[in-house]
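Before anything else, here's the structure in question.
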Amino acid sequence: MKRRPRFLPVDLNRSALVGAAIVLLVIVLSVLVPLLSPYDPVAATGPALAAPGGQHLFGTDQLGRDVFTRTFAAGRLDLILALVGVSAPLLVGTFLGAVLGTTRNRLVAWLWLMVIDAINAFPFVVLVIAIVAVVGPGVTGLLIGLAAVNWARYARIARSRALILRNADFVEATRVLGYSRLRVLVRHILPNVYSETIAYGLSDFVIVVLTVSSLSFLGAGVNPPTPEWGAMIADGRLYLQTQWWITVFPGLALSFTAIGVALLAHGVSGRYAGEK
Amino acid sequence: MSSGASPETARTTPSSAGVKRLLARTLRHLSRAALGALGVLLVTFTLIHLIPGDPVEILLGDAATEELVAKYRQILGLEGSLPQQFARYLASVAQGDLGTSIQTGQSVNSVVARTLPMTAWLIGVTVLMALLMALPLGVAAALLRGTWFDHAFRVATSVSLATPSFYFGLLLILLFAVRLGWAPVAGYQPGFPGNLQYLWLPALTMSGALVPILARVLQSSIAETMEQEFVETAIVRGLPAPVLVWRYLLRPSLAPTISLLGYILGQLLSATVVVEIVFNLPGMGTALVVEGVLLRDYPVVQGIILIFALIVVAVSFLSDTVSGWLDPRTRLS
Amino acid sequence: MEAESPILRVENLCIGVPRRRRGLLSIVDTADFQLRRHQALGVVGESGSGKTMLCRALMGTLRRHGAGVASGRILYRERDLAGAGEKVWRRIRGRRIGYVPQSSLAGLNPVLTVRTQLTEAIHAAREASATEAEDQALQLLELVRIPRSGQVLEMRSHELSGGMRQRVMIAAALAQEPEILIADEPTTALDVTIQREILNLINRLRERLKMALIFVSHDLAVIEEVCDSVMVMYAGASVEIGPLEAVVRHPRHPYTRALLASRVDLAVPGEDLETIPGDPASVGAWPSGCRFRPRCPLAEDDCREGVQPPLAPAGLQRTACLHHDRMGCDP
């Protein structure tokens, strides 16, 4: 097959392209919504429960707030939360996993591994909820909960990757050259391990964005007046029969985003897997 | 399959060596399971206690005087170092006592006893329903690889996986409960079989997350099996199609699916929490959210987490056993 | 000699793999032979010469392997199976033609007991009660000389040795009492002593059950143990066919002669084993004319021309070589 020149660090196949287009659309709308819409996302700007169309593209909710504006204001928050919820555990977990994969202290590694496996075997959302229950609901609690649970997945992946790398020829060679173990870890193992966990991070983004909205839906995440997809859906629940737009539009935006990222992850990780 | 299947009858008498092996395997699984439960308990205990925010101060709020705090610490078993607390907690759990709720003064045991049966029913119905849907879907998707069905299957499973269960649940309520009136909207009543009318829609919601994963794994597992030599053998022996599909395609492919089911079921408990809230079901998930998060009753949280941990362990034990029964190859390792 | 009509006649069979936009890739070309009752035909050729594909054609499973019959006929009792559908084949497979496939060490279903696999084959052929089928299964195991057959009945593939698996595979192929048994390299993956036992078994079975046998092997010595006639294949074509004695004594194709010369069991100690010069012709790159030409000591200009000549009659022994009259008497 002919290689096309690369504009991007990845070969974009169709799945990745469609995914990227969807994600881009959501991002652009979320960023530009203050310009696109004359309304304030948290203030009543029209009659309550107005149907979609005319002045309000997606209608208004029970408090007369514009659903379109809120949906994409929520998009911004959800994307940022998910980004933080993925990247913090990714950075910490990967580093920890790489260290565990290279350490010679068997006992410590074994103990950590037990903790990691226990966390991973446990239902993700339940554990986050448990932590939020202690820390208290809200954005801070949500992020702490996500970080406290999610690192373990990255640590697991990073550890197995590091174990393989540790025995790889080129790492062996650096050791023969007398490089310190720290240097081998930082210069040779970590970059490789990170490229692996970042690939996973993309599909993890789907899980995290769904978790953020689930928790907000349950009242354990972002608190009401702030627009957030899950919270908006919880808000509109009572009006589901008659004013469907209050729930359906944020839900569609959420699913749409999740599908887009999933497609992107599939397209990109397919490449990672194939390249090995 | 009139004459195709022969009943597996009388002459099967497992040798004593076989029984011993089975016992050893069971013991190994159980001990691993117990270790796993202990691990989860330790982890949640540590997480809950290491995280900023003193439960007593939160509980007492502005009224917190030193004596009062000390008194409550004692009541709640919060004095001493963390390992001491953990040891004390373990000891009481070992005696079957999960502690006392801060908010209501009820024993956590009673909270669990009140909410566990409903959650167990929900999980059971979900698993059954999901398997009933995933099996034919997975088989069809494997046999019809590359056709329009396969493509539709891929799209549908992707969409289904990207739809959060609370949203999917609401849409199902709108369609089946509100529009069609096929299911009650609220007011769960325990007792089989009456409870099924409250449970089928929540179970369907959870299947929305479970079926795609199971069916996909089954599809690729069957595709792998189809390449196996023994399938060719079965064909050249002129075996009838039902025997071929069930014994030569499905059964050898089922073990990985069931093992995976064990793992995903653990994750499915997350969906249980959400779905119980969406459908107003009085289960453990609702207790966790309402009493745990909204009322910040951490002994209840800890007790429920422990039960969830036990469920995870039990389920993975069960699925290991079943997949071992389905596929003797996995028994070897 | 009885003028009995053969039960199986394969006439100029061609097998090909359809390729996208590049036409048909020919894998077997002009396989041509007959099989009478009680006859044991050996099929010999280097690996890659198309023996297994030929077997698959006779079992109707080519499609599963992305191939198909391009032309020619497979006449079973005067009925052409070359273009038959699944429905017809299902009645042939197992019941009329039993097949022990090549890698049959992996041929048993790992999750089913031997009992299940034997009884289901029995049930596929006829109505039988569970006990009847089970009794027959036991008899089958005894027929293939499996000791402690009662225990083996409850075992699964991973509990059996290679030789035992092969015996069970043969038992399963015999479960429906077929007229023809096809065994594709049934001894190749086995130890030498086990090989011998399996060969003896096949010999005994053939006498006892009065069936016809097609025995495929890359090893002529093995074929000599069980067969009374032999077909030599080279690069997808049958190049020589005839009674075993005659072919071995007086090969009429240079390739057969080369095969005989390279036999390990006839080698004189101390002398170098003769090997055939050059590489086997690979699928898709067959030379024009006689495919053995580039490696043939007798090749002349006329060997280049046209297609591979069909088997020329030379008494009971037929050869595709244009210059067989120039061959020496003994190998």
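Read from first to last, the chains carry the letters A, B and C; within each, the first residue is number 1.
Basically, a residue touches a chain if its C-beta (ideal position, glycine included) is under 8 Å from a C-beta of that chain, and two chains touch if they have at least 3 such contacts.
Bear in mind the structure is a predicted one, so any value in this text is a computation, not a measurement.
The innermost chain, defined by the distance from its C-alpha mean to the mean of all protein C-alpha atoms, is B. Chains joined by the most contact pairs: A-B. Each chain gets one centre point, the mean of its Cα atoms, and the points for chain A and chain C are 59 Å apart. Our note on geometry: chain B versus chain C, Cα centroid distance of 52 Å, whole angstroms. Mean C-alpha position of chain A lies 24 Å from that of chain B. The part of chain B that touches chain C in the complex is made up of residues 3-9, 11-12, 228-230, 232-240, 243, 247-248, 251-252, 255, 326-329, 332.
Across the complex, chain A meets chain B through its residues 114-115, 117-119, 121-127, 129-137, 144, 148, 206, 210, 213-214, 217-220, 230, 233-234, 237, 240-241, 244, 247, 251, 254-255, 258-259, 262-263.
Across the interface of their complex, chain A is touched by residues 35-36, 39-40, 42-44, 47-48, 51-53, 55, 58, 158-159, 161-167, 170-171, 173-174, 178, 263, 266-271, 273-274, 277, 285, 288-289, 292-294, 296-298, 301-302, 305, 308-309, 312, 316 of chain B.
Of all residues in chain C, only 59, 61, 64, 90-95, 99, 101, 103-104, 106-112, 115-116, 119-121, 123-125, 127-128, 130, 133-134, 150, 153-154, 156, 158, 169, 172-173, 175-176 touch chain B in the complex they form.
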